[in-house]
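Presented sequentially are two complexes of subunit A, the first with subunit B as partner and the second with subunit C.
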Partner chain A sequence: MAAREPSRFLSRALPRASVPSIRPQGFLSRRNVSDEAPSRRLSDHLSELESASSLSTPVPDSAAQSFDPVARAKARKTQLPRGRYQFRSPKYDRGPLHPHQPPPASDPSSRLFVPGPFSAPRAEQTYDATVAADIMSLCYVHTPPGFTPPPKAPRLREWDDSSPYHKNRVLRGPRGGDVLRLLRKPIKFNNIPEIERITIHSYVNKAATENSSWLHVAGIAVQAISNVRVETFKSKTSVANWGIVPGRDSVAVKAELYGENMYHFLGKLVDVVLPRIKDWEGVKGTSGDSSGNITFGMEPENVALFPEIEVNYDMYPPKMIPGCHITLHTSARTDKDARLLLSAMGIPFYGKIVN
Partner chain B sequence: MKSLSPALASLANVFRVPMSMAPARPSVSRVCHETLNRQQQKPGPVTAALQSASFSTTGAMAKRKSGGSTTDKRITMIRYFLHHPLTPRPLRFSRNRYLRHWTIHRAWQLFQAQQRRKQELELMRQYQSMQEACEELRTGAGDGGKLFRVSMNKKGIFTDMFPIEYARMQTETPPAEGWNYDWKKPERK
Partner chain C sequence: MSSGSNGARRMVSLLRPSIVDPGVCRSCQETLGRRSYASAAPAATETTSTSASTTPVVKPAYTINAGVVLSRPPQITRDLEPFEKSYYFYQKRLNERLALPFTKYFYFKRGTPADEDWKKKILERRTAARDIGKYNAYDSEAWNDELLLGAKESEPEHQVEMLLQDAESTANATSQDTSKKEEIPRPFPRVTEADKKNDQKSLDRLLSRTLYLLVQSKEGHWKFPSSPVESGETLRLAAERTLAQSAGVNMNTWMVGYHPVGWHAYNPPRAKSDKQTEVEVAGSKIFFLKSRIMAGQADLSVNTQNLKDFKWLSKEELSKYLNTQYYSNIKNMLADR
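And then the complex of A and B:
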């Protein structure tokens, strides 16, 4: 029975792996100090492997005799689909009543399935290991058990009934403007601010005034530094100086980074790019949209400092490398909390801090 | 054609690595190489002499004064790579391989969920022990809550922002001198 014999390829491949090589450190020819780190040491990984092969275990005779796949298949009431059968997720949404429904996005056969994550980014590990707990303990405010904070005034004000026309009117907005700010809840273990996504946006006005090559170079540069396919956008406003008409010219590219991509990008930004910018003091303290998202800009020569562009710098027309705006979206509800988080992750702020 | 070991050959078959010498579509390196060669044609003395003869490789449009396309070759290449439509095909497996793939996928999802849960529980534990310590200071210390009041004072800790020295991404091999005991909070300009 062929299934019980080890494959001939396997028997040929196994001894090859166990031959002692000149370099015991594995496949890399270079040795680094970090190779000695406990998580990288090869001998530890090898000792975890079982030395005995499960293929050599003898199969009991009863199991071998009762193994009759043909009879089992025939005994089925309804036959399985053939072995090569593929479930294909429908290409178009035909509504909830259609019998052919797409599987959830986490299913490998879904068209939306994205495999991964394949790595543990350093920024994410740092956040999980130290930053989250530190922020939680810094923001801790003790409330005795049974304490309920006094109710605050309603955020939308009533009209004083000085006029009969006030009846059934919608409520007034808050004082000093019609913007309802986000409510900040006390930071506990379940709402520690974290980075949700990063947006890289680049507005290329020459794409409208000159030709599309500016947009293409900007797109591929943003794609290179972010590892995400970019989207292009048409202008919404008209800019007379640049001759931009709304809705006609594609002038901007944007990439949205989540999860693994986001943390890798943040790590590169903090470790490689930002420290090499000349005379850069940091992100302005007034930046932020007062609901926990912080934006800063990067000049074209700073975008060129990204390692992905730098190694391949000759392949980009140097004048066309774009500048960009980078928005760090955090789950904090105020800019102050967002800055606390970002400064812990290594983004410096300077100047007057406005919360 | 180079002969590969059967294991490598089957791997190449699985990942659709073309084994013949002429690839089905131009490879990246070949396209780059050709385009760059076209861009920098600096003839040596011999080729220059040859080219001064009646034969020329210059395109007819490029020879004209109005000029043909003067697009930078790098931009041509960027457009090629930006727009080329080939994406990896979806995974197609037979029943057993699909089941194996699905099992590993589910196990990985489960592992990640467990990690997240562990992280969350650890934070909860820390938070609750902070709470208990503060409550103990407030009621059980026997000094009328003075220690508690002092401990609640947030003066001199980084409630505003962390200093930049704090923000150091963790490494597998931290420096031998990991903690600077002489560190002082820098003066704000």
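And then the complex of A and C:
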């Protein structure tokens, strides 16, 4: 083994390129005697590569101006049959052994392809350039060298073996409640809280008491402000005075926003809609599910402030514009961290702050 | 656990100063000392035996300085790369090909001015989208969805201009009053006056980048504002004082946290001894705290730190002004953009 290791002095004496890499690189690192032949030297292969990208070479103006793909296609005497150049993805996935496989969903010819992204959202750029680094500095906790945190009690309580029936029994939950809260890890560069998704949910009770048009309008309005197709939901609970029966009446619409849509929505919310709400103090400090997700409600007249609805206000029956609940799901483990993130992104909080 | 006597604890705490490690800062030593009684006791017995045998070695000490990295965050979005521009544009045209057609009859009533305006525009640009150029996604030539060399359609400025022109022409075509022309204000330019004049003292320059405040001492070298921490002062207080003493109080700033985000050690070739205390000084260590400027401007006219000039610079420009060693120590605490 030791004989195969390259000598320290050898590697120094040789030029950098000819030193064999210590790290195994799969089959590429396998060397054969035939590799030493002059036709297969590494340097010869490298010399074949072009030094500059072909894109950087200037195109002559005449070539650029005379290039007209439509005219070229029309000048063709005989057209190719469609099947020769238009790929159609199979309609059904018939399993991995079928010879006709659908392309991956990222391929534009796939039936599952969804185009996008179309822009780099401003809110996301603000988060990347400013907010993330500030949160990391704010949440830093210094642990001096040699410091070991005191051991914590186990989260689940064990049974004292006072009874023989305690053997192999599942552990008990914490005292005072049966919910195990999320563990908060120290915030480092790799777990800075960020907004994961936004849910817009609207419960329209008139959809059950009157007619379905309320639900249609609510769905269209939520779709308009979110740029996401909504899902409708049937009621799970019975509400006697509205005559809602569980499982019968569709009463709610929901849109889940991710990525680009989410950041555009947040930007609109923070910069256009929330500042225009009259006498609005902010999101309540008590809001949150204590695992980093914050919810607040919007009245119908505030939903109408969204620019997408405002430009087109006449198209909506004014009474039917819905209110909604907006949930901001963050990757923070506690509401305190989530509030830190959201207030940095521009959402105000007021009142008693509960963590 | 709680059965240990109070007297034993006091004895341990008396013995504790002997475990001082010169590599650990004072506040950390206090934290370590406060740690746990169980682990402190054996450590204490260990060190009493060693401290008796060895004489304390006086190492030349460093002076601790507090520095402030005062920054103005980016005000506008970054400039897109050419590849990003073409990618986003191509995705828009793909979307036009794959989405359901625009339902004109839902949005425009027949015979209204808005409808007439729509008809005129759709003849011009062939599509409902206003920012993807002249392109019909339902045509037999819809396959020709790529831009030719030198086309402006993928430029964000061009797209914004198209949207605004469309809004203006709609407003003009549908308004009752034909004498007045609707003018929608254009967005402010991304390149400001300060950029054109290369005014490096202005906070209006390089709007899409983070700017950092750099000050020049009377001797002529550039640095972040910094000064020695006085006795009984925390790093944060020292940083706030440094900022007020160097760049004036005419700034609305926010210190980000209480912890330094980076540090730089200055080692002169030969250790000097301090004239007043006769303690040998090995050099100085600067611990940088992060700060953001909200409003105001730096003003060196009343500074007490021997400074003569200041500049607001981006990360790349910092490397031209700062000493190589200094820059290599601080560059990783600066934002990329």
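Throughout what follows, the second predicted complex is superposed on the first by the 245 of 355 C-alpha atoms of A that agree within 3 Å, B and C clash if a C-alpha of one lies under 4 Å from a C-alpha of the other, contacts with A are read in each partner's own complex, and residues count from 1 in each chain.
Keep this in mind: contacts are C-beta pairs under 8 Å (C-beta built on N, C-alpha and C of every residue); 3 or more make two chains touch, one makes a residue touch a chain.
Computed from a prediction, not measured in an experiment: that's the story for all the values here.
Chemist: One more residue to check, A:P322. First (subunit B), second (subunit C), both or neither?
Modeler: neither
Chemist: Between subunit B and subunit C, which one contacts more residues of subunit A in the superposed model?
Modeler: Tallying touched residues of subunit A, the top partner is B.
Chemist: Once the shared chain is lined up, is A:P108 touching subunit B (first), subunit C (second), both, or neither of them?
Modeler: both
Chemist: Report for A:L138: first if it touches subunit B alone, second if subunit C alone, otherwise both or neither.
Modeler: A:L138: touches subunit B and subunit C.
Chemist: With both complexes superposed on chain A, which partner does A:P193 reach: first (subunit B), second (subunit C), both or neither?
Modeler: Neither partner.
Chemist: Using the superposition on chain A described above, determine whether A:V33 touches subunit B (first), subunit C (second), both, or neither.
Modeler: Once the two structures are laid over each other on A, A:V33 reaches subunit B alone.
Chemist: Output check: A:G292 vs subunit B and subunit C. Expected answer is one of first, second, both, neither. What do you get?
Modeler: Neither partner.
Chemist: Between subunit B (first) and subunit C (second), which, if any, makes contact with A:F147: first, second, both or neither?
Modeler: It touches subunit C, and subunit B stays clear.
Chemist: Let me test your reading of the model: by the given contact rule, A:R339 touches which partner, first (subunit B), second (subunit C), both or neither?
Modeler: In the superposed model, A:R339 contacts subunit B only, not subunit C.
Chemist: Pick one for A:A64: touches subunit B only (first), subunit C only (second), both, or neither.
Modeler: Once the two structures are laid over each other on A, A:A64 reaches subunit C alone.
Chemist: If you lay the two complexes on top of each other, which residues of subunit A touch subunit B in one and subunit C in the other?
Modeler: 108, 122, 125-126, 128-130, 133-134, 137-138, 140, 142, 144-145, 315
Chemist: Residue numbers of subunit A touching subunit B in their complex, please.
Modeler: The contact residues of subunit A facing subunit B are 9, 13, 33-34, 36-40, 80-81, 83-86, 106, 108-109, 111, 122-123, 125-126, 128-130, 132-134, 136-142, 144-145, 188-190, 192, 213, 216-217, 219-220, 223, 267, 270-271, 315-317, 320, 336, 339-340, 343-349, 353.
Chemist: Please output the residues of subunit A touching subunit C within their complex, sorted ascending.
Modeler: Interface residues on subunit A, with respect to subunit C: 59, 64, 67, 69-70, 73, 108, 113, 115-120, 122, 125-126, 128-130, 133-134, 137-138, 140, 142, 144-147, 150, 312, 315.
Chemist: Quick one: which bits of subunit B touch subunit A in the complex? Just the residue numbers, please.
Modeler: Going through subunit B, the ones touching subunit A are 6-7, 32, 71-72, 74-75, 77-79, 81-82, 90-96, 98, 101-102, 105, 109, 119-120, 123-124, 126-127, 130-131, 134-135, 138, 148, 152, 157-164, 166-173.
Chemist: In the complex, go through subunit C and note every residue touching subunit A.
Modeler: Subunit C reaches subunit A through residues 23-25, 27-29, 31-32, 35-36, 73-74, 77-78, 80, 84, 88, 91-92, 94-95, 98, 106-107, 141, 144, 146, 148-150, 210, 256-257, 259, 261, 290, 292, 335-337.
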